[in-house]
Amino acid sequence: MANTEKKVLSRKTLNRSFHHWFYGHLTAFSQEHMQTFGYLTSMLPIVEELYDNKEDQEKAMKTYTAFFNTEPQLGTIIVGITASLEEARANQVNSGSDGDVDDTTINGLRAGLMGPIAGIGDSLVVGTLIPVILGIALGMSDGGSPLGAIFYIIVWNLLGYFGMRFAYFKGYELGDKAVGILIGAQGKAVRKAIATVGGMVVGGVAATWVTVKTSFRLTNSSGKAYLVLQDKLDSVYPGLLTAAFIVACWWLMAKKNISPIKVMLILVVVALIGVLLGFFNPGLTY
Amino acid sequence: MTISWIQASILGIFASLSSMPGMAGSTIGNYTLGRPLVGGLVCGIVLGDMKTGIAAGVAMQLVYIALVTPGGTVSADLRAVSYIGIPLAMVAIHAQGLSATSANAADLAKSMGTLVGTVGTVLFYGTATMNLVWQHMGWRAVEKGDFKKLYAVDWGYPWISHLFFSFIPTVLMTHFGSSAVQALKTALPMDGIPMKTLFTVGALLPCVGIAILLKQIVEGPLDFIPFFVGFTFAASLKLNLVSVTVVSLIFAMIFYKLDMAISTNKQPVASSSGGAVIDDDEEEEDI
Amino acid sequence: MTISWIQASILGIFASLSSMPGMAGSTIGNYTLGRPLVGGLVCGIVLGDMKTGIAAGVAMQLVYIALVTPGGTVSADLRAVSYIGIPLAMVAIHAQGLSATSANAADLAKSMGTLVGTVGTVLFYGTATMNLVWQHMGWRAVEKGDFKKLYAVDWGYPWISHLFFSFIPTVLMTHFGSSAVQALKTALPMDGIPMKTLFTVGALLPCVGIAILLKQIVEGPLDFIPFFVGFTFAASLKLNLVSVTVVSLIFAMIFYKLDMAISTNKQPVASSSGGAVIDDDEEEEDI
Amino acid sequence: MANTEKKVLSRKTLNRSFHHWFYGHLTAFSQEHMQTFGYLTSMLPIVEELYDNKEDQEKAMKTYTAFFNTEPQLGTIIVGITASLEEARANQVNSGSDGDVDDTTINGLRAGLMGPIAGIGDSLVVGTLIPVILGIALGMSDGGSPLGAIFYIIVWNLLGYFGMRFAYFKGYELGDKAVGILIGAQGKAVRKAIATVGGMVVGGVAATWVTVKTSFRLTNSSGKAYLVLQDKLDSVYPGLLTAAFIVACWWLMAKKNISPIKVMLILVVVALIGVLLGFFNPGLTY
Amino acid sequence: MTISWIQASILGIFASLSSMPGMAGSTIGNYTLGRPLVGGLVCGIVLGDMKTGIAAGVAMQLVYIALVTPGGTVSADLRAVSYIGIPLAMVAIHAQGLSATSANAADLAKSMGTLVGTVGTVLFYGTATMNLVWQHMGWRAVEKGDFKKLYAVDWGYPWISHLFFSFIPTVLMTHFGSSAVQALKTALPMDGIPMKTLFTVGALLPCVGIAILLKQIVEGPLDFIPFFVGFTFAASLKLNLVSVTVVSLIFAMIFYKLDMAISTNKQPVASSSGGAVIDDDEEEEDI
Amino acid sequence: MANTEKKVLSRKTLNRSFHHWFYGHLTAFSQEHMQTFGYLTSMLPIVEELYDNKEDQEKAMKTYTAFFNTEPQLGTIIVGITASLEEARANQVNSGSDGDVDDTTINGLRAGLMGPIAGIGDSLVVGTLIPVILGIALGMSDGGSPLGAIFYIIVWNLLGYFGMRFAYFKGYELGDKAVGILIGAQGKAVRKAIATVGGMVVGGVAATWVTVKTSFRLTNSSGKAYLVLQDKLDSVYPGLLTAAFIVACWWLMAKKNISPIKVMLILVVVALIGVLLGFFNPGLTY
């Protein structure tokens, strides 16, 4: 009964699967099932091509009804990996052999990867890469220029689309061998390198775009200022006040576990007190 | 400046596309259209004042530069920030007679946008909850083996959730909100404590955005160093951000190689002479 | 500008506190009050011209920025520099009619301060020698088991040494020295060779201070590199010193990690494949 | 006769001991005994608390009559270590046991540590840390501002006081285990890192605060200068002449073993010759 | 500006000395006199207009900054560039009435020099081929054991090759070429397409010179990083090249130590746990 | 018959040999024999001193008739090495022993080293060191100043002469032990370090000396430019266009294997098109 013809997924099917994921990973999001439906629509073309009879298809699809959630960009690699595993399983089924790829393998791997990749992806893609591109784009938006926004749209979408495409096909190609690369020593070193770029660019963004300035000054009787606090502070270290406020916010959140929203409220209080004391003054008039 | 029903509707569509679980996929939707920088461009075009739109978008982008939504935990809703906050901020800037690219306009935008964004998180939870209805239909289809229906569940029905939680709120708030904002001018004079505080808060808010980023990057005190070096490059040397990025690459390369040197180094040590030197990587963070 | 007996006495007390074996402990005494930068502030306040005092202190601080006194080897005496040299320099700057913050005033201060500082080392040896008397009393107390007496020996009696070697010399030299310095003006014209040389020497002297620091840091030619990079940052990019420090931190971090990588690396190598690679750290210095 | 109650030094006594050292390490300095009396006054509260009878106290104090000298700031750690060893010895004595902490151990350790710590401390604390803080403070003293001096006083004294406190209690806590940390691989790497900061800041100090300038210029018949040497030199490398003089002084001291005072005398000669040749001219008039 | 027979002859001698296989040895000849920067100085002195000579030399030096001649593969002939191209360029700059130090003069020089240099490679092959004659004489001497003759073969006879392929072409082309260049002025107006293109090409040519250098340095994409960091330092921070060099030293030191750390690291790993980690150095280039 | 007196080359002879090489390595170059005659004249003084009888001299000289070519500066070390090997061989011959240094050894080593050293030398000395010095010198040539050229002449010739001298005598001293140093791990690390300096300085040279500028601008009806492309590009990254052209040239040569001359021709075409489109305009008039 063994069918010796080995099934190989067509490029066209893989493309469809990828695009289903690219578009639909979050569209039907709920707190309960998160990306599960996105996953199902991505696997559907795969399953339809691999299994000729309805029953096998249903059985295969059931695998992917298990809960799934990860960072969608980097997570594309998991979809690619399961495409490859599904292919292997289909060939087992067709050849009637008792292979080692089954429901448990696939879902174990999916569940094992989705956590780490959510962490890495959220911090590297959403938390570092996007802010870096945004930071650069902000620098091109001087005077209300649309250049920055256009730059961001193009660069991010090219990186996003082709990066995810690359991840999908790399995942398909490597199958479960992809796991090592994502989590091994080299992966760690790459993350360290990206974090370095991220740290420096974020510093640059802070210095370029955030400006906390005090209006405090001491004037003598004739009205001439003999102490302009802001200038003194900047002569110590340019941007000192800005840096101090950022570090203070970081400290409240990271060391005191205060939520961002509460920190914002604290800033409102600080602003009010500062305004009352004459430390802050935006200097507005009609 | 007023916002017509048509303008408000276009903003409503963008709100639907760009929200978290939005209808354009996260790459194009939330991560592109949803970013205030892009939202500023869109609102600027729609309301016919690109300069103010972008200036307001840039200002808000700073507050939300670090917005990550791990596991669907949403601390601010970008559809509200970008397509309700920015239009209202634009109206306010016009009403107050501020120059579009002034620091004051930016501060006003930040305060207003942040308020709207924080309040707007309710829209996110609304959308996600309503999606449970369609998912329920999806499970039934799966049971019946009627897989084709999944496409409608994943790509189609959620538009209904967005009609209620993205489109309608955006249309109403931008259309009517604009007159409310106009009224503010008479109520709160620019040199009064409330407005002064509002603008000061606007200037302070991006500190939170940057601090959230920092939280992600900083694991030990040493991790502050790249941040401050980048800060110094930009603040003291006036390097622009592309240049900062270029310079940062050589440090990235060094740390990459260092990490590889240390980790390939540790392996044989670990196996031959025990764990004595293993944890020096962690230790150094404590200095 | 003249220096009254009262002003001279206050300077004398500070001289006692800030000398090496001084009465304020080395942290607060020699390393704080003794530094010419701080001495300049004190003298400026005491003599009623803080600006000139600090400018002179800054100038001299540069010459002595590297002053280390290993094992009690004192190449310049800071009580003399800070509380005799600075006051006299202030008087001279006034006498010559120089602007307090001009380069010329600084050069004059450096020349004068260095002279006084070098000559003043005799005060250090005097103090230390006189302390032998109290220590002798201390040993007798130890033998008798009368330990409480040690407090007087360590904290009390040395004030007597300082009366003779810090207080009195300072009082006399600042009080009378000021008129001597005044007389210089008529004796040596500003455009004559001696004064020109004096001022030039003043400009050259800090090179020695920096060079002493360098001597401490530089073990091989490679160690010049951080120095010159810092020099370039400040000279070519006009970075201020806090900024230089911030930037230096990332290099410090790199070299720390490199050193750790190399040393944890060497251990297993040494034990497994012999000493062949051990000394590459030293070798590199010879390139 | 063994007394099972273990003696533990009270916080108050340790504090007193620390403060005696903080204040009195050098006050009674002589070339012969250097810091020995400072050490004795620091150990006195310890000894008094640990030993109830006069005889034991005298015996313990005798240990610390041995010559002692080290860099006082970093050296605080040694005092902390001996406090801990003395405690151990007291417990041996009280329990009547033949312990391994005795006079020889303590003085061996004191003598073994005071040399390296003098070297490390003199070069790191006095030779690098203080110049770095001073260098930064100099930058804040522009125009005779007291800001720099105040900055130095505060920063150095906080670092000095709390640093020494930390060293004392760390030493007490670790006892003789502290030795490894000070001299091992990590200690070396930390010193390398500090030396890097030191080198760069000293370079910055030199460039900012030291200015050697030549007044040499060639003028044509109408008096216009066609060669201003200083400008030419700065266009090659800003601060070239300053750097050259510093390296020359370094070379005389480090490679020719000429003492600083002799180098200063050489500079006097150089200045005189330079003035006579018109290379140097401070350009003063009344 | 014209070039007399005497001036032309002096240029001819320098051409002989500085060519690849030139008569002054490669250190002094090709690598010193042959470099357009030095050629510009020489031509400037010979033709009595040092400023224009050096400006033209600087311009051309950029195009040929990377000129390496591996295994006698000569892509441009420096005798022709430096001692035919520069003089003609100087004449052209004068003829066109351009300011010596203007960007336009530089662009003109680059276009002209590159043309001459490329065409001039025929002179190199001529010289090398004619040398075969003297070498033939050399082999005969070796066979006869008449070794002293080798000095004449190596140091003397090749002058004859240079008479034909360096001296005469230089003399003729500079002497007569100058009038040809003068005639260009009337033929090609400055605001016409050909001259505009010529000048634009001149501005673009150094890109090739730099790119050749890059080709040598860049083995993987990571090797672009130091290049761009240096570019940023100079372009954004206006650091001059000595300062760039100084700053580069600290990175050089880091990479040196990293490489040593990695390579001493690999040895024991390789021998103990197999080849698994060996090729990470190559791998990293592929990222 | 064994002659026990060991021959040692005199300093004078070594100096002559070195200078013959310094001057004559390429003077009689041909595509066929390249540096062979330069090598022969360098070895002649050596051979004449080591062998008293004509026959031995001839035999020794024959060795060096083998083809030789390398990078001449760094290659000096090979000449030094063979001087030392020839000395060893002469002592074997004179002592009548059957030593292990013969024709084959010497020529094997010469042939084995000349390749790698040509590669290293061409890229490090000619391709990196000289451009770095030239780059610095260019910076001193502003306004037609001869300073840069003079700087280059002095620095390069001192480095060249003493560097080659050092290589020669180091080679003589180490003999065949020199080989390891040139090719081992430290040699590689040194090359990496030099390449880093090279890369950064070349970047600096490019930014300082190469200027590709577009004249493209959009003007409104009243003639005021509302978009000056060059300014926009520089605000994104200063020197962007220059960098882009350089990378494009690199790409054509390195990735498309197009020869430099062809790339130059492409630039002519690009310039022509750019001029026609108004993208480039040198802005000349009489």
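Think of it as A, B, C, D, E and F in the order they're written, each chain with its own count starting at 1.
Rule of thumb we're sticking to: contacts are C-beta pairs under 8 Å (C-beta built on N, C-alpha and C of every residue); 3 or more make two chains touch, one makes a residue touch a chain.
Given the structure is predicted, the values throughout are model-derived calculations rather than measurements.
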item	value
Between E-F and B-F, the pair joined by more C-beta contacts	E-F
Chain whose mean Cα position lies farthest from chain A	C
Most widely separated chain from chain D, with each centre as the mean of CA atoms	E
Computed distance of Cα centres, chain E from chain B, in Å	53
Centre-to-centre distance between chain F and chain D (centres being mean Cα positions), rounded to whole Å	48
Multi-chain contact sites of chain D, meaning residues that touch two or more partners	139, 186, 190, 235-238
Overlap residues in chain C, where contacts from two or more other chains coincide	225-226, 228-229, 231-233, 236-237, 239-240, 242-243, 246-247, 249, 251, 253-258, 260-261, 264-265, 268, 272, 280
Partner chain A, residues of chain C touching it in the complex	240, 242-243, 246
Chain F-facing residues of chain A, complex	139-140, 142, 147, 151
Residue ranges of chain E touching chain C (in the complex, touch as defined)	237, 239-240, 243, 246-247, 249-250, 253-254, 256-258, 260-261, 264-265, 267-268, 271-272
Chain A partner contacts - residues on chain B that touch it in the complex	20-23, 25-28, 30-32, 35, 37-38, 40-41, 44, 50-55, 57-58, 61-62, 65-72, 75, 96-97, 100-101, 103-104, 107, 114, 118, 125, 128-129, 131-132, 134-135, 138-139, 142, 145, 147, 150-151, 153-155, 157-158, 190-191, 193, 195-197, 199-201, 203-208, 210-218, 223-236, 239-242, 244-245, 247-249, 251-253, 255-257, 259-260, 263-264
Residue numbers on chain D that touch chain E, as the complex places them	235-238
